[in-house]
Every structure is written in C-alpha cells, then in structure tokens.
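What follows is a pair of complexes built around chain A, which joins chain B in one and chain C in the other.
Our next item is the complex of A and B:
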C-alpha cells in the first residue's frame, strides 16, 4: 500500500493584510501552519521589508552600514535605493531621530519626512516610532495623518500608548502593529483592547517582540508558534492577525554580528557571520509563523527570499 | 462545550402565553438573547402538546430561526410535532437535535425520525420501569439505547446520552452519580459518546437565590468530566463555560476573556 501523508485540518485562518496603494503587497491569509500548503491554502508568501532610518545609521555595525554608504544620509534617497536598486517589496522607516535621547525630532518634522519618503516611492511603507512610548504616541499620530490615503502600516502600539496610536491609524485607514513583550496572553489582551476601541481586527499585525538567534529567539519562536496554533486550532480570532518579525534591529546589535576577526579568529569572516546571523534568525521566525519581516542586509534578504522560494 | 439555550419552555408563563397567542415578539427576543450570550443551539420546549402540537412546533421553529442563525433542539414528547418541526427546520444553521428518545419502546419511533431527517437525537437513560438507581444502571440503559440507535440507522456520533439530572433537594445522592455517569458514557464507545444534561434540574425546587449557584458549580464539575452539551440558560452559565474553557486550556487566556 502506498504511503499517504497524514493531513491536519484547522478550524481557523490567518487574516490577509494588503498594504500600499501603488505597488501593493499582501501577506497572511493561510489556513495552515507555515509552508504547509499541502494541507490547505497558502495564498501569499511572507513579505520582507527593508529597514531604513530618518537619521544616518551610525550605530549599525560596519558590515551592514557600508552597503548603504552614500544613500543612508537621507531617508528619501535611502528609500528610493531600496525600491529601485534592491527591488524591495516594502520599506520600513524607523523614526529613530524622534527619540528624546537622539535628535528629539518633533512630530511635525517626522510627518514631513514621511510625506517626502511617500512621495518618492511607489511600494508600501511601514512607519515605526523610536520605541519611546510617550514620544511615539505623539509622533505616530502626526505621521498617520501625513500618510493618509497610502494604506501604510503604523507601529508600534503598546499597552502604554495604544489608544492614541490606534485611534490615529483607524482615522487615517492604516494597518497597525500591536506589540507586547514576549507574552502570549498579553499579546492577546492587547489585540482585544485595540479591537474593543473599534479598530478592525483584520487590520492588525501582531508583534510578539523579536529577539536574535542566541539571544532569546527561542522565546519569540515559541510565542509565535503558540499564537499561530491558537489561531488555527482554537479558531481564536484575536490571534488571527499576521505576525511581524522585526529582525534587523535585534540581530545587528549582538556580539556575533560585531566581533572582529582579529579578536575571534575561530568565528570566521565577520561579514559572512553577520549576514548568516540575520538570515538564520529570519528563517527561524518564518518557520514559527511570521508573515512580515523587517531586515537590514540585502544579502540576508536575498538568502531569505530564496529560502521562501524553496519552501513555498 | 455546547450550550443549548433553555429559556423557551412552555413551563414559563411569558413563553406559554406567547405560544398560545402566537406572539412572535417574546419568543424571538428570548432566543436572540440566548444566542448573543453564547448559546450554540436553542431548545424549543412545547411540552406534551397533544392538541395542535405539529402546528405549534412549526411555528416555534420558523419564528426562532427567522432571527437566530442556530439549529434547534426540538423538545416535546409528541412525535408528530417533532416530525413537523424537522420538516421546516433550516439545516443551513446546523443539524437539529431531537429531545428525546429513551429505552421505552414507546419512544423508539423517535429514532426513526432521527434517521429519516438526518437529525441528532438525545437518548435519555431511563426505561419503562422508573428511574435508574446509579451510574452503572444508567450506562446499561445507555448501551441498550445505542444498540437500538444502530438498529434504526442512527450513527452513534449523532446520539447524545442524557443521564437524567435529578433534584439535589430530593435526590442528593444522584448528583454525584450523574457526574460519574458522564465519564462512564464516554467509555461506551470510541470515539467517546456525546453527553448532554438538563442542567437546571439540579436546582429544581430550591430557593431562587440558590438556583444559579447550584447550576454553575454543578456545570463546572460536569464539564471537567467531559460533558459535551448542556440545556441551560446561556446568560447564567456563560461565565462558567468560558472560565472552565480557560482552565482546561481550550481557550487562550487574556485578562478580557469573559468579554470575548
């Protein structure tokens, strides 16, 4: 008798989210575990967005800083470079310069930067704050208005600031990232609180908080896996938004992406090591269920796209 | 766990009057409330309905399903009324459930109806000779009903075994026997047999203030033993059902779980 692979069927389905207005892109929509199209329907491939900043990436390690030399001094040039030269499907603009400890840029300045970037590109834009909960609630409100009509993703809304950010995203018809700190129950709770404000659950993206390989990635992996299982096996609609892996910013600050070959010759080429670290972290989180990744190094993005090609 | 909303019973004065006057308002209001509170099925109890039962059951089925997208539990001893109800039941919202057959030969025609109309059916584990003494006797009667169901062409997965909950105020020893029975019923087949109880029977005859307390704690114990469904007031038991679902790991916990 021929072997018949056992198949699981699930009662739930991940919401499909489409972003952008020119060249749009969609992710999510599957009713099976990651890359298990043989059991059901996987309408979209995961999306990788290139991370850029409103200020030069002075604190990025040399390996990833040098690939953006000449373009990273200005967010508009940088965004266009990602779109035109690197073939980015989406760009994630992190407004790090708004942080009170950095340039303390005003919400109005941030809004203008977002407008300028949007005017220069045709691909979808993800706009991220500086992860200062007070400042983000001002900046992201201004930015939401500036990006009105462009169907962006705004983030990140957290327990301490979700009300103003969600209201602004709702008023300007954007998608919203809801981030909690590596706790599946708090992640569910935040999604509930945001939807109780009237925000459409099908416009949410869950960020259970990322972490790099070797630095707690197994926690992110496990929370993502459990979120996806709750969505599919328990048909828990609060856990059915697609998930984000904000990979680049976590990977490019760990020792393995920075330690010099001269100091640690056994670890091999620093450049290859960094790219491999970002690739491996991203690949792991895709297997756990992430549908949207934010990454930095073009070589790592290329490797992850190939990985997706082979698994789809 | 499936809650079969129980508030539409001829025993309740408001419902009885609405049934007599064919006043759709109160029936639809109660059914809608049960649905909104989490009922997955609505019990339509028209009593023995010896006169005009067929017409009354059809009126109940269409009246309820006009506003609530759920299947119904057709609750009467009148087989003709059941058949009339099955004919108009909208299976788009799920398959109906007949309440009930038993091990009394007079109730076997109900199994015929279940097979003919592809309906699910409750098997009340009583026979001709009065109430079962304990869990073992209930299980023995259940086995006979199961054999009868197969004979009539009713698949065992469409049969819900009802151990018959008795009043704690008068038959206290049966309360724990019924809990034990829920476990035993499941062991009668693989996959396990489905089970159902008429929950509020436990507190029948008790002071009004005590009734919800008895109902809710009893339900928690029954769910723990694997109860599939309860005919109960959804409004009263929704908190219990959701909380037990969290404790048993069927729902992912969040601080707002009761609001979901």
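Our next item is the complex of A and C:
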C-alpha cells in the first residue's frame, strides 16, 4: 500500500501581531495548526513575557517569590531585571495595586508607573489591569494614554468594560487583549463587538481564559484548539487573532505549587514541582495554539523556550 | 472510515422489532455509530451486514494490550484527532528506561520508583505503567540478566524489551515468559527474525523505521509474516518531528483508514534536561503517543504528567465531578464559616483555591448537582433550597458548628429566604458572586 502523507492545507491563517518600538517581537502569522511547518508556514516563535507587578508579590508562593527578591519591590527595577538579567523578550506589568481591595491606586498613579517602566526598558510591554472590571476601565484608559507611541498590548477588555478600553487602545495605537470565560462563542462574540467599534481585528489578541494544569486546563486547551480550527478550516476572521495563555497567575495559586513535601511526600520536591506545574501548563497551551504566554518563574520560561527551540 | 448511523441503518433488518432494546432500527443504528451498542444485540442481522459492519467498526488504531493481570496496559482504539470531538480512549502509558549497562543499585532504585509511583488524584489511581529495558550493552547475557532482575523485583509491571539483536531478544523473552511484554526493535535489517520471535512468544512487536515514509512498508511486511500486534516508531525524536509524524500517523489511520499505520505509537522523550523531558512527554500525551519512554521518574514530574494525562483524556462531554461532601480547608474550628457550592470540578477547584488563598479556615459544602456549575445547577433545579437543606441536614454538620450560618454563592441570592424557611434556626448569608472575591469577603468578616 503506497503511503501518501495526509497533509492538510487550510483556507485561513492567524493574524501576525508585532509589538514594541525598540526591540520589537512578532507572533502569530501561521496558516497551520501549532508547530506544523511540515504542511505550511510558521513564521514566528511564540513569545513568552515575564510577569511583574506594580506592588511587591507578597502573595506569590515562596518558590517564585524568592527569585525576584531584591528587585520586586519596585516595578522599574523588576522590569529592568527581566530585560537585562533574564533576557526577557517582553514584560507584562500587572497593575494589581489598582484593585480596590489592594492598594486602590488611582489611574494617574498607574499611568505614572507605566511611564516609568517604559522609560527604563527597550523591550515590548504588556499592561494588564487588576481584573476588576470597573476599575480596569478607568485605569487602562489612563495607561493607554501614558504609553502612547510605544505599541504596547493593553488588557484585558471583557464584555462588561470593553468599550472604554478598546476606544483608548485604538486612540493610542495599542494592541488589545479580549478576554472571555472559557467559551468559544463568547470569545467570538466579544471579538465581533470590539471590531464593530472600529477596532482593527488584526490588532486583537484573544484570551479564552487560562486555567492551570489539573484545574481545568483541558477546558482552555480544547477552547483554544476549537478557536484555531475555526480560524484555519472555516477562515473565520473573528477567530484569527493570536491567543494568549496568562499562565503564571493561574498556576502559582494552586495547591501543587505551594504544598510542602513534608505534608505530601508523594508529590515530591516543592521547588521543582512548582516550576514543573508552570512549565507543563505553558507547554500544553502552546500545543493547543497559544502564541503569547505570560509566565513567572525564570526556570519555567527557560524550559519552555528550549521546548519551542525543538518545536520550530 | 467509520460508518454513519444512516449508513448502518441501511444494513439492518428495518423491522423495528425492539429485540435489541431500542425502539427502532434507526435508534439502534445511531447507537452503533456512537459505539454505544454492539451489533450482537440484533438477532436478525444478516451475515453480509455483519461482515461490512465488522470491517467498518474495527477501530482505526488497533487495540493492543501488553503486560498481564491488573497492571496490563491497553492501547489504541482511538477514533479522533481532537479531544473535543470525542473522548480519547486509552491514556498514554508512561515507561521508564532501564539500561542493561546500569549497576544493580541503579536498577533497584528505578524499579523501586516504579513500584512506589502510585498517586491518587480526583479519585483515580495513577502510576508509572511500564519499564523499558534497553540492551545498551549489545550483549545478550547482560540483557537477559537485567530482564531477570527487573522481572524478579517487579513481577507485575509490564515490560518493553528493547534490542535489535534477535539472539538477545530470544534470551530476554524467555526470561520474561508469561508477562506478555513488547519486543521493541524490529527494523528493516532484522524483520524476519524478530517477527518470528514475536510469533513464537506471542508478543507485540515494536517496529522502528528510519523515517515515517519507510514505516508502512515495514509494518506490511511484518504483518505478512504473521504478526498482527505492533507498536510503531516512525523515528521521530525532536519535538518538531514528534508533532509531524504522530499527526500524520493519526490522520492516516483515522481519516484514511490506512491500516499499515493503524497501530499505537511509541515515543522517546529522554532528555538531559528534566524540565524539557517533562515537556516532550506532555507533548506525547497531547499528540497521540500510546507509550512514552522517559529517563527518570521523579515524584514531582510524575504528578505533573499524570495530571496532564488525566486532563487530556477526560471525557469532554461529561463534566468532571467531585465527590459530594463537606470539605475542610485549612483547620476549621466550630466558629469557622461554612460555605456551599456545586460539585462541578472547575467550580470546586476555583472556589476551594480562592478559599485557600484567603488563609481563612473554612468548611466548604460541595453538593452533588451532576457536575453542573452554580447558575446552571440552579436553573436545572438541582441546586435548590430544599435540596440544599436536605444535604446539610443529612450531613449532620450542625453538630460541628457554633453558629448555624450558611454562606451561599451570590448568584443564588434568591434562595436565601427559602433556605432559612427549610432550615429552622439557620442564618443564610449571601456571599460574593465570583470566587475571586472570596478572599476579601472572608477576611472582612
């Protein structure tokens, strides 16, 4: 029986998104399933951004908190550390201090922090709110203005607050993360709503909502696979923005990254277990189709970069 | 290619006799198409229909079992490329490599690791499934003795015996008699001798080719020599090659019904960098490997990989559920708060995670709502005031509490009055709508 490799060609392709103004990076742009260069074009590597915060990471578990000791007290120092010492290709600044339950920082304070961080680094910046939909719609508008001209990613726009955030990102020429909750139809609907405002669909990044290994990762995995298949096989342009896996935030709060080996000897070394959890979650989402990852532990980022080396 | 319900229907007697237990032949045909019924249930089916349906219903990836007894490993039987289409059937087996050049102590350590690898997660017992013994020494005697050592220490653990030397293979197969191992190492140079051994010892043969294109001719040749059960290795070693070859093999089997590649795939994930090895093994789990061979089995790595496998191989159409009971988070005292939610696993994981983050010891009552989330469970009439009241009364939890107070999810605030009516003496407090507001809510109490 002669064997003809059953290769597929698809009618659609993922939009390519480039960010930053100094050292820029691009991701997306492929017209095949993840890492399937044997049947099409995969022009860009996925990009891993290091996550930092505007307030010290007091609630991060020890394993990942300690690697930023001495730099994490100040977002500018922290961002420079990621760029200069860790070789970060991008930094994601989460403005957790703006949350009303945290420091309740004002949009103006947040804008100043973003300006200061941008002044200190040359690599692209992703600016994230605190995931309080009301506060984010104020904060992200202010920081969009403060970051004008730097071609950042702003996020996350959700169904409840996308209008103001998308308008600000559009006015200041940034890319925008559109996040919905683990449902391909909600994700499509939000992308449509945002583009109906006149926002360029090629400047969107879809966040179908991350979940950690063992805590619903299979839902994120399958929603991502389905979004990608819709983009490629049905040429559905509302599903063609590249996808984000906001990995670190979801991983470093599950029990597996915190429980002591003394309490759960069958789970093995806590240090490596935590890193493995972030590594495996990120790896799973890359295979499902994520092109942009936000991660915390340098050892996990290093392993994922090596994985991408082998995959490309 | 699998037949559709309508295609199957055309082959059935169309008498709607109900003897199969289904109301009509069409209903039975639909069940057959979904592989939820067996053709044997129809007493009147023709021989012709049996033949056609038998061929069509043979799974595109051949079912193969290796090992014996409780620990036997089932592989193959897969029918789809993506897990959202239908449940992946037989989870990837994890095997750890033992080289016959290793010292006795090294071998002992690995075997001990396999025997102690079992972990319980969400009600499933997970473990390292098999040991892959390789003839790194190229010496038949050393190989035989390594197999004897492993088989003696771990008599129940399924084995994969790896050598391309038929003499070494024969010695090892004798040492592993009755264990139904896999003999891995048949290639273009030794196919006849290895096929002969597989037939004689009635074992599955692991077949490896230089490249994917050369593999079908080799499996056809070996099948022609009388060996039906094979696992295949297309020679892929890098992550890029693994995605490519495993995807093409699964597609050829499932979409083209290409029998020469319709076998379980074995993948080699060994790397010097252990985190990278974890990722390659995870790639195998996601992308169609039936056996994944690793160089080491640290507990932390096992836990991550077992969890990955569990996630990828769950049924996407059946919500994952957790057991109905009152869970303790931290070390609650009689004064600690009691909260309630539903037993959809995601709901449970998110709520319990946020409660843990709050560092406030709590009791979390998780009620069986058939795996529905809070709002869906409420809308479906499964998360109702009377059912909540009944659950709490039967649990006897009030004896452990100082204040009979129940915190309910904000989305079902509407239930608070009704619950207080059904649970005299209790106070119902409405909590936040979203789990991420729980830490602030709990700390502020």
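Everything below uses one rule, namely that the second predicted complex is superposed on the first by the 308 of 312 C-alpha atoms of A that agree within 3 Å, B and C clash if a C-alpha of one lies under 4 Å from a C-alpha of the other, contacts with A are read in each partner's own complex, and residues count from 1 in each chain.
Methods note: contacts are C-beta pairs under 8 Å (C-beta built on N, C-alpha and C of every residue); 3 or more make two chains touch, one makes a residue touch a chain.
Note that the coordinates shown come from a computational prediction; the quantities given were computed from them, not determined experimentally.
Colleague: Since both structures carry chain A, what do chain B and chain C do when superposed there: clash or fit?
Modeller: fit
Colleague: Pick one for A:74: touches chain B only (first), chain C only (second), both, or neither.
Modeller: A:74: touches no partner chain.
Colleague: Which chain makes contact with more of the residues of chain A, chain B or else chain C?
Modeller: Per-residue touch count on chain A favours C.
Colleague: Figure out whether A:59 sits in contact with chain B (first) or chain C (second), or with both, or with neither.
Modeller: Touch status of A:59: second partner only.
Colleague: With the two structures laid over each other on chain A, which partner does A:234 touch: chain B (first), chain C (second), both, or neither?
Modeller: After superposing on A, A:234 lies in contact with chain B but is clear of chain C.
Colleague: Could you give the angle made at the Cα centre of chain A by the lines to the Cα centres of chain B and chain C, to the nearest 10°?
Modeller: After superposition on chain A, the angle is 80 degrees.
Colleague: Touch check for A:218: first (chain B), second (chain C), both, or neither?
Modeller: It touches chain C, and chain B stays clear.
Colleague: Once the structures are superposed on A, label A:3 by its partner contacts, choosing first (chain B), second (chain C), both or neither.
Modeller: The answer is second: A:3 touches chain C but not chain B.
Colleague: Go through the superposed model and pick first if A:276 touches only chain B, second if only chain C, both, or neither.
Modeller: second
Colleague: Is A:109 touching the first partner chain B, the second partner chain C, both, or neither of them?
Modeller: Neither partner.
Colleague: Where does A:159 make contact in the superposed view: on chain B (first), on chain C (second), on both, or on neither?
Modeller: Neither partner.
Colleague: Using only CA atoms and the superposition described at the top, report the least gap between chain B and chain C in Å.
Modeller: 13
Colleague: Could you pull out which residues of chain A sit against chain B in one structure and against chain C in the other?
Modeller: Residues 226 of chain A touch both chain B and chain C.
Colleague: Where on chain A is chain C touching in the complex?
Modeller: Interface residues on chain A, with respect to chain C: 1, 3, 5-8, 33-38, 59, 101, 131, 211, 213-219, 221-222, 225-226, 229, 253-256, 266-270, 272-273, 275-277, 279-280, 283-284, 287-288, 299-300, 302-304, 306-307, 310-312.
Colleague: Chain B touches which residues of chain A in the complex?
Modeller: Where chain A meets chain B, its residues are 184-186, 188-189, 192-193, 196, 226, 230, 234, 236, 238-239.
Colleague: Can you name the residues of chain C that touch chain A in the complex?
Modeller: On the chain C side, the touching residues are 82-84, 119, 121, 212-213, 215-217, 220, 238-240, 243-244, 247-248, 251-252, 255-256, 258-261, 273-276, 278-280, 282-283, 286-287, 298-305, 307-308, 310-312, 314, 316, 345-346, 349-350, 353, 356-357, 436, 440.
Colleague: Over in the complex, which chain B residues touch chain A? Could you list them?
Modeller: Residues 250-256, 259-260 of chain B touch chain A in their complex.
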